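When the chains are written out, they are named A, B, C and D in that same order, and each has its own residue count from 1.
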């Protein structure tokens, strides 16, 4: 059971994120929802790489190399995903700055971008 | 955004070199310990962001031009791609991203025995160089993002008060 | 000389992605020299990329599947764990599209974007987007696909918001980035599921290790991938971002966006045909009703789902296009309908899969659907370029305020007519050839599908006749009395695409035999894609 | 040799399984049809006289307005079709409300349908 807790957390994070994106009206909260989904996916990747009773996968100066190490590949994948997430987050926040400048509101129902007349 | 009080400025002056050096350490030891270009770059950029918060975006914008940062950023990216291209051009039978410096006893080219050895910074071939390139790009890119966003929001606030 | 040629051809897959990437980061430095040199530099870079992509496609069509392992030893490989590009005939087919569109877009932007500021960032991003798109089309690694997907979405979102002085452009870009980041995160989740199950990120290795009897986790991964990629490929009812994004971006950007949308569609096909290729004919479930045993395979299920979504796409796309007032939004909705046509044909082919595909009408449907990808990219691309030319001259795209432009812009009108004929499937343009194949094959599979397709194609013609009438025909309006023809670079870009359209229209069989049929065979033949990796190099 | 093959393959017709399509044959047939129509048309009687009342537009006896104001706006073309399909358009307009949360809601719905069809059944 205890080993399933990360997976429950993953499901909870993704569902909470989806709920936030769908039902919250503030644009900033939508962005927070997306980062929640992203954290859920990252947590899932990290959890996949974990082995029972394992140590960090550092080979250098390791006194006992026969120890179980957790998988380094999912950690590298997570890192890449985090880097991409930072870029997406920065881009979304700068869009929000511009949207606020034009529409004077952050309500997602009012930021619809109709035809320009 | 205007600057904060004198206490904040002094403390960030003291903390800035330490954070900076820690970030550069993480970049330089990317091939030995957890970390690398992005992580170290993020630490350095957060040090710069600390200065930005303490002194205000208008002051920082006067010191550092955003255009310079974007050139620095593209220099980092170009050196990364060029290092990857050198894998094709320098050695015969090379491929893109080939580690052409490893095990050559040139720069970062010490051969390591296949066992758990003590950390030797002079290893891993082009990986440290690529870490430097990525670190440069991340420092410049993240700082430019933070700087421009802070400057833009401060402009919005000014427009409102006027 | 021979050495240089063999050297270049050995490294073609790397060059195709690396050249635009290098060009993207060199652009800010080159633009310090001057605007003109920057434009020429961008044209040279995209031209080189196009030449490399076409050479690579030619190489794959003649010599079979190519793999390129990054950073590995050229001879020994270690292919299973490394990042690699794998290009079979289907990828090569997509590369042809990716070779034409960005080149036309960059040539077009010389005149179109002349009076804008911030152009060094524009060129950087458009080259980055090209690199990401090409990477999506060539990669053989799932995680690498995710990275390229995100690169493409970030660059295109920033480009959609290029005209930040318009609020609705930024709003469209925000919607696009929300949609694509959520889609990409679900793709990543599915990749993680595959990785957890099979310890591999390589598409071929995953496809090799998935058992024929599908597990529950495989089903979840398939569902996540299909839904997320369908959203990225703008299949109804998840197509709403497309109208905003295509309609608000500068026209030159929209042309490249078409390529990225089609790359997502290609990835969906790759997931169905290659990764789950072994399970497609496996029965998902079977029932016994009145003594008769019914069994339904995965291929039937996926095919029926895709066909349902495709019919919905065609229907919604055409109906919404008929009502739009904004010219670019109208073309965007017809793009949704065109994507529906491709999906209809390929979905019908999947639905009848089982046994020997080449003997059934499904084979023609598959070929027609793949042929239509190329035709749609060219037709919709040309129409968007024409819409951009109208915007350049008249400074607006609302069809209520336009009229009589044919009197000022002769060449643009001719190009629009070519696009009109092609997109609504009138002979002798290219759209007719692929749509004829789609109609005939879907009629044999289910006549209702074919009837819906033909009726909606007629409505598509009606949409563009309306545009032609209200924008180009009619008396010369006083406010456009001084309107002039667009600059020569824009005409060249439109002319390139129009010439290719006419060539494919007049000689459809040569394209079908040499390009489309190998692509259809490659898509249908998952085992050789897998064997190219697992069979050892 | 290769060039000759290339030109030969240009005139091949596209095989669609149960039929074929060749633009060149089609163009030739179209040319013949046009010729026939042109000949038939030439055999007819001309009743057109230049410069008479015949050439002026007839708008139910109303005076002709200026050309610029007679151009039908794009929105008004197919007015009847849009009006008669109002029940569909009302539903579509409600769908395309430009709200990004609803877009994601559609994504979740489609994902649910896919899951039900592929996973459960």
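Structure notes:
In this section, a contact is a pair of C-beta atoms (placed from the backbone, for glycine too) under 8 Å apart; a residue touches a chain by one contact, two chains touch by 3 or more.
Because the structure is predicted, anything quoted here is derived from the model rather than measured.
Each of C-D and A-B has its own count of C-beta contacts, and the greater count is at C-D.
Centroids built from CA atoms put chain B at 22 Å from chain A.
Separating the centre of chain B from that of chain D, both taken as means of CA atoms, is a distance of 56 Å.
Between chain A and chain D the centroid-to-centroid distance comes to 46 Å (mean Cα coordinates, whole Å).
Residue numbers of chain A whose C-beta contacts span two or more other chains: 21, 30, 111-114. Chain contacts: chain B has no residue touching two or more partner chains.
Residues of chain C in contact with at least two other chains: 171, 174-175, 178, 182, 244, 325, 398. Interchain contacts give a graph that is no line, ring or star and is not complete, per the touch definition above. Of all residues in chain D, only 6, 9-10, 12-19, 21-24, 26-27, 67-68, 70-75, 77-78, 81-82, 85, 88-89, 92, 95-96, 98, 100, 102-104, 106-107, 109-111, 113-115, 117-119, 121 touch chain C in the complex they form.
Of all residues in chain D, only 97-101, 104-105, 108 touch chain A in the complex they form. Within the complex, the chain C residues that touch chain B are 11, 14, 18, 21-22, 24-29, 68-75, 124.
The touching residues of chain A, when paired with chain B in their complex, are 56, 58-63, 65, 79, 83, 86, 90, 93-94, 97, 100-101. Contact residues of chain B toward chain C in the complex are 70-71, 74-75, 77-78, 81-82, 84-85, 87-88, 93-99.
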